[in-house]
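Take this structure, written in structure tokens, and hold onto it; I'll ask about it next.
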């Protein structure tokens, strides 16, 4: 472990803060397990993505600016969401273009990491150990995959678990239909997309669906309830805590 | 102001881009994985591709052989039901196969306004190039008897020479004959518009055969 | 009913229609594997081929006025006549003038999205003439009285049985489950039309500036026949369709075929340099080209959206889009559907009426990842959303709702306050929550992460 980076600032997305705090705690436990000191600055609320994606850039800017202030000091920021990380890394430069906070935005973009990215960078994947017999399907969030290029790391992390059999759908990852406010505005389409994605996994016979984006998880869990599909849908961190038997 | 001038004015008024102007076209050899770099490979690849496309290939040694092959291909077609171009080529093929003559109209002159044009059984043409990488045939209206000869009849037969094979399209694109119409033919006509089921002979020829001399 | 409301209604219907979804998924999955296999087998490096293609198209766009003039000069020198149409109306007028000049009664056409864009068939029929669609997919939708479902495969939503029934009813052909028999029926039905048509109309896949040429790619042979048999050939093409010279074709023809249909190259690729020239035994006496603007110069003038004019109309973004796969082509109610359609339509037509298409996307970026000329499609959808907001085209409730959201999330203390009072359950909040979401709000735990952290840390 690189002792220069032993202190981590937790990035807790709004969805995790308000609806799935257990995902935040799972990630914190894993980081502590690997020997890191984790800090949480409760002044953070949201990265601003919902408003930005809705085209309301000034509203997104207000919320994002507050967010920037929170993370001025820390060196490493780690979060459990590919889409939020992508917002900061890829879209803060757009949002803060020609703005006095532009430098701060770019600086944050270079130090914020999605959890599996962080594990890969710090060579933590090989330190994952656990025994858990299960058929697992991994749903790669579109933002993780296409905005950040994350694909291999989560799969390698899951493969470290003894007894775990990975069953991946063939071809490119297909969107679950969350898309932030898209699932609110076009809920019928979004629900049909979630259903299609869930069917892809159930057809593979998986016992768990694991994803690295809380948005995907929320959306698919809701569709699973509506359709009577009982397959548990867990965040990568939640699943690893379970499989590695971390308290 | 005319439509033309207004459109051009509007385009010219638009903010110029920061990007550099200028472009390069990469050679096919650097772009494509299956670029054949020897004559043997070219001939073999052309044959393989044409077969995959459901086209037919007959290799012959000389014009006499071509005439025999053609006579076989035209088999049961009625007398005077086929059209061919150019006349000089056909004369060469029929020298040792005079029986072939019966298949064609008179002296190989194309009867373009004839309503019977649509009823012809086969169209026989030469080619300007054969493209190995895609199994394609390039011909033009100026050199292959017009636009319709190679597309209206249900069978299209090409008489070509091995020396006409080029590795890939970029070898031919700068050497095209002067014509109002040039076409690159890659296999018989096809469609998958009905539930993605492949059907040959949608509007163009159902059968495409190449008699390759040399 | 506004376009937005009708879009919602239609998309809801389609989303519920499992049969429709399965049909599309079946069509898409075989297609997908074919396309991916061809990218690998044909190209040494598909990614760099895309970059090369992007570069060539960018050059075209940066030099568009000069290249258009060069195209016009070269092809006119060989006897073609070029018209420039600012709008759909002007294109229709030019076309009808040509028809009148040649005393035309029958028109045959090959597949062309630009002709759909300018409502050519409606124009022809209103003028008392007859038009035949010669592409099999287009012919099917024409007989059915429908619009094309997809820009490349117009009848992909129809089963063999449905087509058999349609042909039986309209052409009197016997019922059959054979795709071959149905195709042959179409072939013989159209044979006479080619020979007797007064005018053949095509679009253009590419226009070549350097040598002055029109490029047409197809598999069936109907376009070749359309430009070989009738005495007049009319081409209708968007001004952005240019390539700098014939030299670009060895890259672009395989690129288009691979991306569009998973073929190495399409069956027929034709290069038209002009009308029939001296010494040629046949071919049209006259070649007319109508260059269509119809909003493209607006896209061009906008720096951010200019890249959308690189589009070569391959259809890959439609095939990759999970929203398109769910709702199908007709739901869009536009000439150009899928991601590219959602990007350009609010610029070719009023933003206020068509901006909803840019919001009907989860921004998964599958479109961007497959575009052969690297158009940043999903980012352009985001740009459209931002523009819609600036143009006051987004709904009132959304504007107020998001302002409140930004206020609430603007500070931790405010967020905690609203959470404590259970804002999401408050009655006056309800109208701001979209209808479809009201039943799907997940269970909100009693304490947030922020609430729990401090007590967690103490233990």
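Here are some notes:
Letters A, B and C name the chains as they come in the text, with residue numbers starting at 1 for each one.
Just so it is clear, a contact is a pair of C-beta atoms (placed from the backbone, for glycine too) under 8 Å apart; a residue touches a chain by one contact, two chains touch by 3 or more.
Note that the structure is predicted; figures quoted are calculated from it, not measured.
Put simply, the chain closest to the centre of the protein, by Cα centroids, is C.
Summarising the inter-chain layout, the chain whose CA centre lies farthest from the centre of chain B is A.
Per-pair tallies of C-beta contacts place B-C first. Distance from the chain B centre to the chain C centre is 30 Å, each centre being the mean of its Cα atoms. If each chain is reduced to the centroid of its CA atoms, chain A and chain B end up 55 Å from each other.
Those residues of chain C that touch chain A in the shared complex are 8, 11-12, 15-16, 21, 25, 32-33, 36, 320, 322-323, 325-327, 359-366, 368-369, 382, 384-389, 394, 398-399, 402-403, 405-406, 409-412, 415, 419, 433-437, 440, 442, 444-445, 447-450, 452-454, 456.
On the side of chain A, the complex with chain C involves touching residues 12, 14, 16-19, 21, 24-25, 40, 42-46, 50-57, 59-60, 62-63, 66, 142-143, 146-147, 171-172, 174-175, 177-193, 196, 218, 221-222, 226.
Contact residues of chain B toward chain C in the complex are 2-4, 6-8, 10-17, 19, 21-26, 28, 30-34, 49, 110, 112, 115, 118, 134, 136, 141-142, 145-148, 151-152, 168-170, 173-174, 176, 179-197, 199, 201-205. Chain C makes touch with chain B in their complex at residues 27, 30-31, 41-44, 49, 52, 55-56, 58-59, 61-65, 68-69, 78, 83-86, 90, 134-137, 140, 153-156, 158-160, 163, 179-180, 182-184, 186-187, 190-191, 195, 219-222, 224-225, 227-229, 239, 244, 246-251, 253-254, 261, 264-277, 279-283, 291, 293, 297, 300-301, 303, 306.
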